[in-house]
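Common to both upcoming complexes is chain A, partnered first by chain B, then by chain C.
Up next, the complex of A and B:
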């Protein structure tokens, strides 16, 4: 790429793009991101709490306690169910909106702006709005279905963003491809599903991955609508962490924080890998 | 047939899906306390919107929370953008195994959740617990990865010849970065600014752990007053607060809507 072809390229970039430019950013990353993450792996195995000053190692006690009373797997299950529901709803809504509002008409442009308003609002505010809206319906008090309702609210908040990404994806489809399909006699329905939708693979990858990871790390909407209830059936990992931290049970909170970290790390790589592979096949 | 039906469906959907929840906010924020106890979609018998806005402004001390939010958002965005693009520039231009590893580490924070409990312990050891500086540090640590990801991708699309012209004139790396690279990054930095403002302005989770009870921000304040007994069943005040808090972002968005939409979508689809 560079026009300097003589001499060692490494020597030149050492002078023109010095590594010390990386130092401030990586020092802050190390201190405020990586170090706390390392601490997670240490303090999850201690009895750190708000009730005493000393911190002693206790081995696997926190994990044993959290698995034996069922809390760990329950919170894990709820978090995964929530994340999958959000990813499905958010993408269905976002995709539907993008297809509906695809043409650049005045009405469509105004409609798109309205669907972006929830994206800008604080998730906490969104939670309070739906708590008020659903008050008295019992929708937020059902031990089976409330998790679905909360996932729908989460999807409502973010569907405008998915819509934007799908709209941008639809714009990348070359016109001659759809025209060729028409000339070949394909129906509109057929053209849509077999010719246009495959072009959306990168948008699907991005949307599914961000929806899954975003909701696994969710907090505000669940806290503002149900606070984890009824009977802790919507208590995702971050709600548990928030609650136990507030009670001074820092080691338990740290343990669950580590569980969340491992869950996201373990899920992120296969999810992105599978979606990328599908992209290549399509 | 579908062409004529489509605008009707679109508008109907906006009215029901977005209009109803937003109307609930405005109608409830306009009601008196007695009327707002059971929030519903009926319009207020007489509008008290202005009084309610004034009451939360004073009672919940919104100016202090607003100041707290600004004190955190502005430095966070500035630090993240400057340090992030400095690093991204060098990462994009040098292709060694070391920079590849550093890049992978640098963007891992996009996916991995921050260790929110132990960061509190670390801040205590650094003497930054409950301070604005500590909060800024935590946000910078979380969002540097987003900036590094977006900017590195963008720098790779800029021809290096532009930098060389300045270098031949005798400019050192700092001058090249400041005078040539930074101005070219404007579009991608605009995108990053929007995203990070959106996240930091609305964040309550990380703020609760780091500065909860010490420094007030708008979402933290809303969270506290809404969960405290003070505002229990005072839906008219909660929604008056929601209006005041959402206004800055909604107004910014309305003014720069086209740019923001173009910015958010760039990079998501190739």
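Up next, the complex of A and C:
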């Protein structure tokens, strides 16, 4: 805690500049971060559209209309299914790769680079490449399983990042702990699951949270691969928002993005809370 | 404390700015002046927005206009989905001088024509237009906002002449029912009668619309606009059910769920399917795949409706231009002048360069226009308006129909979802209070 006492004998004055020097920084924060968020709330309660110039408040009309129509709930359900699938796949793949490529051999270093390349690729490029690869196979035409295929593609793109974070986690496990386990007579298997894996808890927290919440806000990969099809079974909320905005229904689209924001927030807090509790054993 | 006042002030200012940036005073539709098409415009710079499929349309006419007037005209390609991109740009206050735009009531409403567009009242080229086409589209509540430059698209049936001939069919069907009878006999002989693109979706709606052509003539869309009729009424539902029934009967390609627009063109050209219900852009695809001689030999067109050979017209974005109110009187006048040049002294060169059908009685169509396109154009005078042309809002009927093809919606659900969305859009546009 910094104290701003001035003139007291012996105290070091940290206050070298007047506080109002912070104003430009706060103005930027206000204009580019705070106001857009406020508008995201405000416009959700208006009839803003591409059809007329005036913007009038309409109260909860947009919410009532959206909840009376099943499309929003369907999109929400698809979004959650997608996010959970991505979180599971991305972490399984990333964890597996990290364990496989843990030793710092030349082959492993090269392999790590290859798995990291998709992370650096454009998400749209990834989507279009897979669309072309899977064209004619029927993999993107099944109304039940296409969502799984798209989640796998999303996980494929980002698994390199999870791998990197798990690798970092594995590298920071203190050697004396594993050595102690070894001296105590624990098998390799036992050491791995009971000693090393619990140490990865912070990496799990970060990876699960970013994968889950990142894919809740997903758009690019799904749009490029299926565009929401077949029969809208992969129409995650952001694609629905994009379609609605494109029809000139700006207020309705804003309302949906507000719903998405609330959903992400509602999911983020419990998920992060539970995962952080797992870290308490450390 | 002062700080909080400052933040409060900034916030209030920010909220005060919370109005549509595209808002401009709605001018009363008074008289519109039209300059001589070739009057000098040195130093005037105009911008035209075009889509990926229309950006080559203005090339020659723009070059000629620049030479004749000294103006600079920049054709900017706005990425697809074009309508969506343009609406978003306009909503945030970004406007060109001219843009390609679907000249229908619903799309003029969608771009807020009354506020954003210049009325083209008493345009000098109107008397030269074919009287049957003059007022076919481009009007919103009696005010003209769009200039039709090419022949508007028509929903109808493109067929493979060789497949028909091989099966001994000499005359094209005279009504929708006759067409279905013909399709059943083709199927019995092992020919796939129809081709549909379930994956690319947008063509699915033509099947419902051509079945509603007679109802459209009797004012169906006016009644839907005013809320007297609905998509869930028996006549519309029946059209959707008929389409569903024909698919289930096996009269379409077996890969209907996954077929795309590209596949449709290939299938018809190769004779893998006998007929395709489509619009002009489909023929554009065929033109990219085969030359005019081959097309004249292989591909024919006939309009269809339950009662006879009535087409359903659907002007699209590449058919027309709108002029924006930019607030700069000089550029606004220059934009009108460009349209007057295009449809006046420059029109003959334009249709020749584009090898397209002429809309003006005094300007003959070039000799190289494919036969099928002439047939499409010939069907226009008796054609009725499509949903896009006459409804005040344009719901995603095609997406719902594609879902029906994929098996996730019933015809009744298609009708309900379409009606709900229509009401939502119409209300946002200020109709259906």
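Rule of thumb we're sticking to: the second predicted complex is superposed on the first by the 256 of 282 C-alpha atoms of A that agree within 3 Å, B and C clash if a C-alpha of one lies under 4 Å from a C-alpha of the other, contacts with A are read in each partner's own complex, and residues count from 1 in each chain.
By our rule, a residue touches a chain if its C-beta (ideal position, glycine included) is under 8 Å from a C-beta of that chain, and two chains touch if they have at least 3 such contacts.
The shown structure was predicted, so the numbers you read here are calculated from the model rather than taken from an experiment.
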item: Chain B versus chain C as contact partner of A:57, first or second or both or neither; value: neither
item: First, second, both or neither for A:121, with chain B first and chain C second; value: first
item: First, second, both or neither for A:24, with chain B first and chain C second; value: first
item: A:250 touches, of chain B and chain C: first, second, both or neither?; value: both
item: Broader residue contact with chain A after superposition on the shared chain, chain B or chain C; value: B
item: A:129 touches, of chain B and chain C: first, second, both or neither?; value: first
item: Which of chain B and chain C A:49 touches, first, second, both or neither; value: second
item: First (chain B), second (chain C), both or neither touched by A:238; value: first
item: Residues of chain A contacting chain B in one complex and chain C in the other; value: 26, 31, 35, 39, 42, 48, 245, 250
item: For the chain B and chain A complex, residues of the former touching the latter; value: 6-7, 9-11, 13-14, 17-22, 24-25, 28, 38-39, 79, 83-84, 86-87, 89-91, 93-94, 96, 102, 105-106, 109, 111-119, 121-122, 126, 137-138, 140-142, 144-145, 148, 160-161, 163-164, 167, 173, 176-177, 198, 201-202, 204-205, 208-209, 218-219, 222-223, 226, 235, 238-239, 242, 245-246, 249-250, 253-254, 257, 261, 264-266, 268-270
item: Chain A residues within the chain B interface of the complex; value: 1-4, 10, 13, 15-19, 21-22, 24-26, 28-29, 31-37, 39-40, 42-43, 48, 97, 100-101, 103, 105, 107-108, 110-125, 128-130, 132-133, 135-136, 156, 161, 164-165, 167-169, 172, 202-203, 206, 213, 216-217, 219-220, 223-224, 238, 241-242, 245, 250, 253-254, 257-258, 260-261, 264-265, 268
item: Complex contact set, residues of chain A against chain C; value: 23, 26-27, 30-31, 35, 38-39, 42, 47-55, 65, 69, 71, 138, 141, 143, 229-233, 243, 245-252
item: Residue ranges of chain C touching chain A (in the complex, touch as defined); value: 6-7, 10-11, 14-15, 18-20, 22-24, 26, 81, 83-84, 87-88, 90-91, 109-112, 115, 199, 201, 257-258, 396, 399, 402-403, 406-409, 417, 420, 424-425, 428-430
